[in-house]
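I have placed the structure first, in the form of C-alpha cells, so that the comments after it can refer back to it.
For clarity, chains are labelled A, B, C and D in written order, and residue numbers in each chain start from 1.
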Amino acid sequence: MKYSIILGNLGNTCDRFLSSGYKDTLDKDLLLKQAASIEGVTGIELVGTWDITMDNVAEMKAKLAEAGLRCASIIPDHFAQKRWGRGAFVSADPGIRREEVAEPRAKIDAAAALGGDLLNLWPGQDGYDYPLCTNYLEDRTLLLDNLGECAAYARDKQVRLALEFKPKEPRNHSYLARTADTLLMARELGENVGVTIDTGHAFVAYENVGESIALLKQFGNKLFHMHFNDNYTHWDDDMIVGSIHLVEYFEILYWLEKTGYDGWISMDQYPYREDGYGAIRASILFLQRLGGILDRVGMEEVGKLIAKRDPVSTAAFIREKLVAQ
Amino acid sequence: MKYSIILGNLGNTCDRFLSSGYKDTLDKDLLLKQAASIEGVTGIELVGTWDITMDNVAEMKAKLAEAGLRCASIIPDHFAQKRWGRGAFVSADPGIRREEVAEPRAKIDAAAALGGDLLNLWPGQDGYDYPLCTNYLEDRTLLLDNLGECAAYARDKQVRLALEFKPKEPRNHSYLARTADTLLMARELGENVGVTIDTGHAFVAYENVGESIALLKQFGNKLFHMHFNDNYTHWDDDMIVGSIHLVEYFEILYWLEKTGYDGWISMDQYPYREDGYGAIRASILFLQRLGGILDRVGMEEVGKLIAKRDPVSTAAFIREKLVAQ
Amino acid sequence: MKYSIILGNLGNTCDRFLSSGYKDTLDKDLLLKQAASIEGVTGIELVGTWDITMDNVAEMKAKLAEAGLRCASIIPDHFAQKRWGRGAFVSADPGIRREEVAEPRAKIDAAAALGGDLLNLWPGQDGYDYPLCTNYLEDRTLLLDNLGECAAYARDKQVRLALEFKPKEPRNHSYLARTADTLLMARELGENVGVTIDTGHAFVAYENVGESIALLKQFGNKLFHMHFNDNYTHWDDDMIVGSIHLVEYFEILYWLEKTGYDGWISMDQYPYREDGYGAIRASILFLQRLGGILDRVGMEEVGKLIAKRDPVSTAAFIREKLVAQ
Amino acid sequence: MKYSIILGNLGNTCDRFLSSGYKDTLDKDLLLKQAASIEGVTGIELVGTWDITMDNVAEMKAKLAEAGLRCASIIPDHFAQKRWGRGAFVSADPGIRREEVAEPRAKIDAAAALGGDLLNLWPGQDGYDYPLCTNYLEDRTLLLDNLGECAAYARDKQVRLALEFKPKEPRNHSYLARTADTLLMARELGENVGVTIDTGHAFVAYENVGESIALLKQFGNKLFHMHFNDNYTHWDDDMIVGSIHLVEYFEILYWLEKTGYDGWISMDQYPYREDGYGAIRASILFLQRLGGILDRVGMEEVGKLIAKRDPVSTAAFIREKLVAQ
C-alpha cells in the first residue's frame, strides 16, 4: 500500500458562502512537512496553479526530495480559474480550448520533470447546468478529441492519464460522471489512459466501489488511481474515511488486492472546519486498520465468504471480524 | 434492552415484480417458535389482518404465553387491503374513513386483551402520488380528526399510539413523512400519542436518528417505539442492521440511553431473498455487540467525546473502540 | 413517431404491501382493445409469462392482427418467477442459468413468429443487495457470456436485443444500471445488441436523457428502444409522462429526431391507483403535444438555441414556446 | 403579487473550486438599478455584511428610495464570516454566541430604520457534519434560547422573524432542515416568528411545497416569506425558476392564494455562470406567466380539479392549460 495525499487538503478550504475559507491559510512548506510526518505517506499529489506552476518545478522537486516524498500525480487545474468557468475541454471558445490542452501538456512536462508518471485529470467544469442548453454530441466529440491530444502528448513522455469522474459539482451534470462512461472514454483513448475512482464521487453515483473496480478489470486494466474520502452518499462531503462507511471500505481493499491494483492510495478530502493534518491522518490510520484485518483474515476467506452470496453470513463476518469484540 | 420482532418479517416477502414472494410461506407457529428462540427476544409485534384478527385473539394469546413472548405492539392494517388503496384516514370515501377508524379500535381492544399497551400506527396509504391532485389542507385536517378519534378511544383503554412515519412508499408522498411533522401531530393529539422511529425510514428522510431522538425529547417525551433495519439511505431497503451503517447505530444506542428510552428495540426488516430467521437474529446480535461496547466504554466517555465537536477525535474513537483491533 | 404500450400497464398492478393489486384484474382481450383505441398506438410489448408463453403464440398473433397492432417487442420474464429471485443470468445455480438462456431463446422464436424483430431484455434480478456478498467479476463475466449466447441465437433469427438498464429494484444494485455500463456490454456483444432507455430509470440514475441519447450515438447507433414514464427522480415511480417533467421530455424528442432514432416510443408505467387506460393515453397525448411544438418550432431553431449554451435564452424559450400563453 | 430580489444574486457568485467567482464583480448601485428595472419588482432583500452594515443604513435608505424599492427583508449574516464557521447560534464559544445575537439585533434595528418589518434568518452554519460528534439536545436548546432572545427583541421593534430552513449546506446537517421542524421552533417562539420556504431547499428535502404551505396554515398562519429558485431536487442548485419544474410552481401559486399569503415573492438564486439580471428576470417572468394562467383558469376550477384526486384529470389539465397548444 502506497499512501499519498493531495497537498492542498492539509490547508485552508472554502465554500460558496465563506469564500475566505474556514481556517487560516498555512504555509506550503509546513504542509509538506505535515504530509511527510504521517505514518505510511510516501507520495504527494500536486494541483496545478495551486501547488505547481511553470516556474516552481525545480524548487518543488528539491522540496519533495528533502521531505522524502514522491510525486504521486499532478492534477492540472481545469476548475479553479475563471477562464475554465464555462468548460475547459468543451469550451465554446476555441482559444480557451487551446489553453486547456496547453495546461495538461505543461503539467505532463512537470510530472516527467518531477519523476512522476501520472496525470490525474479531472475536467470538473466540463459539463452543463440546465436542460435544453447544450449540444451534447458536439461537446462529447470535443472532449474526446481534446483528451486525445493530451493522451498522445503524454504517451510520448511516458506519462499515464487517469480520468477522474464525478456526477456533478461544480456543474450540475459532468460529462465524466461515473465509472462506466469514463471507461468508455478511456478505452477509446488508448493504453496510457485509465480511470481514477474517487470513493466519494462513486458513492454519490450510487456505485458500489467494489463492483466499479471489478468493472475496470473486466474491460481492461483500467484502474489507474484511487482517491479516498467518505460521505453520506448524497453529496461529495469529502469527509474523513470511515466516518460513515465501514463494510464498503473493507470490500474496496479486498477488490484492490484481488485485481492486482498497484497504484496509490491517495487521500482527497475537504476538512472545512476540522484540523487538516488530523483528518487526513485519521483516514490513513482507518484504512491501515482495515488493511490489517484483511491481512489477518486472508484473501481466501473473504473470497469464500462472497462466493456464498449470503447476507446472513456476511453479517456474521462483519460482527465477528470488522466490529470490535 | 427489550428486543422484539415483527412476526411477518420471519416469513415470505414479496415485491411488485414477484407478487408470490421470493421464498416459501412458512407456518405462523414455526415463526413464533423461531422468534422465541432468538437470544434476547421477549416481544412480538403483530400485524392486523396478517397475524391478528377479531377472531384469533384468544388463540394468539395462548400461543404467545406458550412461547414466552409478550405483545410488544399491534400494527393495525391500513396498507394491505384494496379498500385502503387510495387512503385510509384521508380517504375521499366517508365509508372507508369509518372503517379505518374501526380497524384501530378493534386492534386497541385486541392489544388490551393480549396484555399489550401499544398500537403502532403506520398510515402508509395516507399520502398522495402526483402534484396538483390533492387538497392537502382538507386531507391533513381529516387525518388529524380521525387520528384524534383513535387516540381518544385508546386513552380510555390505557393504550398508547405510536405514529410511524416514512417519507414515501407505498405513496410517492406520505403525510406522516418525518420525525418533526409526526411530532407536530402527536403533540396535537395528546399525552398517549407519540412517535415510532423506524431507523430506515429516518435514513431515507436524511435524518440523523440521534438528532431525531433528541428532538422528540426536546419537545416532550415523545419517542414511543423503535423499528430497526438498515439501508443505503435512498430507499427503504429493509436490510440487516449493520450491513451498511455502524457509527449511526452506536450513536442511536447512546441517545436512547441518554434520553431514558424504555420502550422496545424492535426489528422490522424485509429479508426478500435471505433467510428470515438468520437475518433478524443477525440484526439483534449486531445491536447487542454495539450495546456491549457502549457499556464498556461508558456513557460518560461518549458524552465527553461528543462535547468536543471534533471529527478527528470521533474518528479516533471509531478506530479504537468500534472497529476490530 | 410509432407509439406502443406494454400491455400489462393497462391492467392491475401491485406492490409489496398490497400483493393483490390496487385494482381489479381486467381481461387481456379488453386490454388489447383499449390499447388499439388510443390515438396513435400501433404496437404492443408483450411480457413473457404474463402475456406470452410457448402455448399462446398463434392465438396472440391472431389477436394482434385483429386489433391492428404490431408486436413492438417481447420482454422475456427474468423477474417475475421465484426461480429468478436470486439472479437469472448470474444465478449461482447452473441449472437456473440454463433456463434463463432458454427463456429468451423461446421468446426470440416467439418474436420472430409474431413478426417482431426486437427483444427487450431487462435482467432485473441480476444484481446484488448487500456489500461484501458478491463476486462481481465472476458475475459480470457470467452475465456477458450468457447474454452473448442470447445475442448469437437472436442474430440467427434476425432479432435484435435491447438491454434495459435500471439502477436498482428489485435488487438494491443492478448490473445493468445506467446507459454507459449497458453500452459497454452492448458494444462487446455485437451489432444486433443495443440499449433501451427507460426515461424513469435514467432519471433515477441522475442522467439527462438527452445526453444519454447522444452518448449512444457517439459510440455507435446503439439506441434500440425507448420506454416512457415519469417520476420524482428518486425512485422508479412509473407515473404519467409530463406529471413532473416538461423541458426534459421536449429535449428528449429533439435528440431522438436529431440522432435519427426510428424505433418505438413505448409507454411503460405502473398506474397503481389511477385508471390504466386513461394514464397511458394521457402520456401519449402529452408527448404528441410536445412533438407538435417541436414540429412547429423546427429542429433548426432548437439547434440554434442549444448552441448558445445560455440558460437565460433557454428560459425564454420555455416561457414562450413550451408554456401556455 | 409583490416581487422582490436578493440583491447579491445579481452579482458575482463563487463556489468552493473557484473562490474568485465565475463573473466580474459588479457595482452595487448598478445592481440596485438592474433590480428596479425588472417588471414587477418592488422590494429588495439585503444581506448583512455583504449589503448592509451598521454604517451604511442611512445611505442604503436613500438609495432604495431613489430606486423606488422597499426593503423586503434583511438577512443577517450568520454564514459568511469565519467566526460563524463552527456554528453561530449553537457555537461552543459563548463569546461567539453573544455576537450572534448581537448581529440580528443590529439588523432588526436596521430593518426598522429602513422601514422594513421582516428579518429573514437563515442559521446556515448551525448544524453538524459528522455523526457521533455533537450533543444535539444541548445544541437545540441553545438554538431555541438564542432565537428566543432575537424574537423578543424583534417583537419590541415590531419586526417579524422568518426562519429559513435547508436540509444541508454549508453543514452536512442543518438544525432547521425542513418545514415541520422549523414550524415546531416557530410555534415555540411566539407570534412574530414564522417560516421562510425556499422552494429549492424544500425540493431537496423531498417536500411538495404545496403541502408545506398547507402545513404552515394548518398549524397557524406561519408562512412569513418565500424564496424562489429551481433545482434537480438533489442539491440546492439555485437555478432559474421553471428550468426544471412546471406543475409544482403552478401548484405553489394556487396554495399561496388559497391560504391568503400576502408576503413577498422573492427570488433567491445563484446564477454562477449565467447573466444575473437575465436569470432573475426570467424567473419572475415565468412566475407571472403561471400567475396569469391561474387568474384565467380561476381558483375555483383548480379547487375542483384537486378535489377529484385523479391523476388522469390532472394530466389533462397540465396538457390543456399549462402547456402551449
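Definition applied: contacts are C-beta pairs under 8 Å (C-beta built on N, C-alpha and C of every residue); 3 or more make two chains touch, one makes a residue touch a chain.
Just so we're clear, the structure is a prediction, and the values are computed from it rather than from any experiment.
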Outermost chain relative to chain D, judged by CA means, is C
By C-beta contact count, A-C versus C-D, the higher one is A-C
Distance-wise, how many Å sit between the C-alpha centres of chain A and chain C, to the nearest whole number?
35
Centre distance in Å when chain C and chain D are each reduced to the mean of their C-alpha atoms
40
Overlap residues in chain C, where contacts from two or more other chains coincide
86, 129-131, 168, 206, 232, 234, 239-240, 243-244, 247-248, 274, 310-311, 314, 318
Listed in rising order, the residues of chain D that touch chain A in the complex are 13-22, 79-82, 85-86, 124, 129-131, 168-170, 172, 232, 234-235, 237, 239-240, 243-244, 270, 272-274
Per the contact definition, I'd like the list of chain D residues that touch chain C in the complex.
206, 232-234, 239-240, 242-248, 271, 274-275, 278-279, 282-283, 285-286, 289-290, 293, 310-312, 314-316, 318-319, 321-325
Taking the complex as given, what residues does chain D use to touch chain B?
86, 92, 128-137, 140-141, 144, 167-168, 173, 177-181, 183-184, 188, 205-206, 208, 210-211, 214-215, 217-219, 247-248, 250-251, 254-255, 258-259, 302-303, 305-311, 314, 317-318
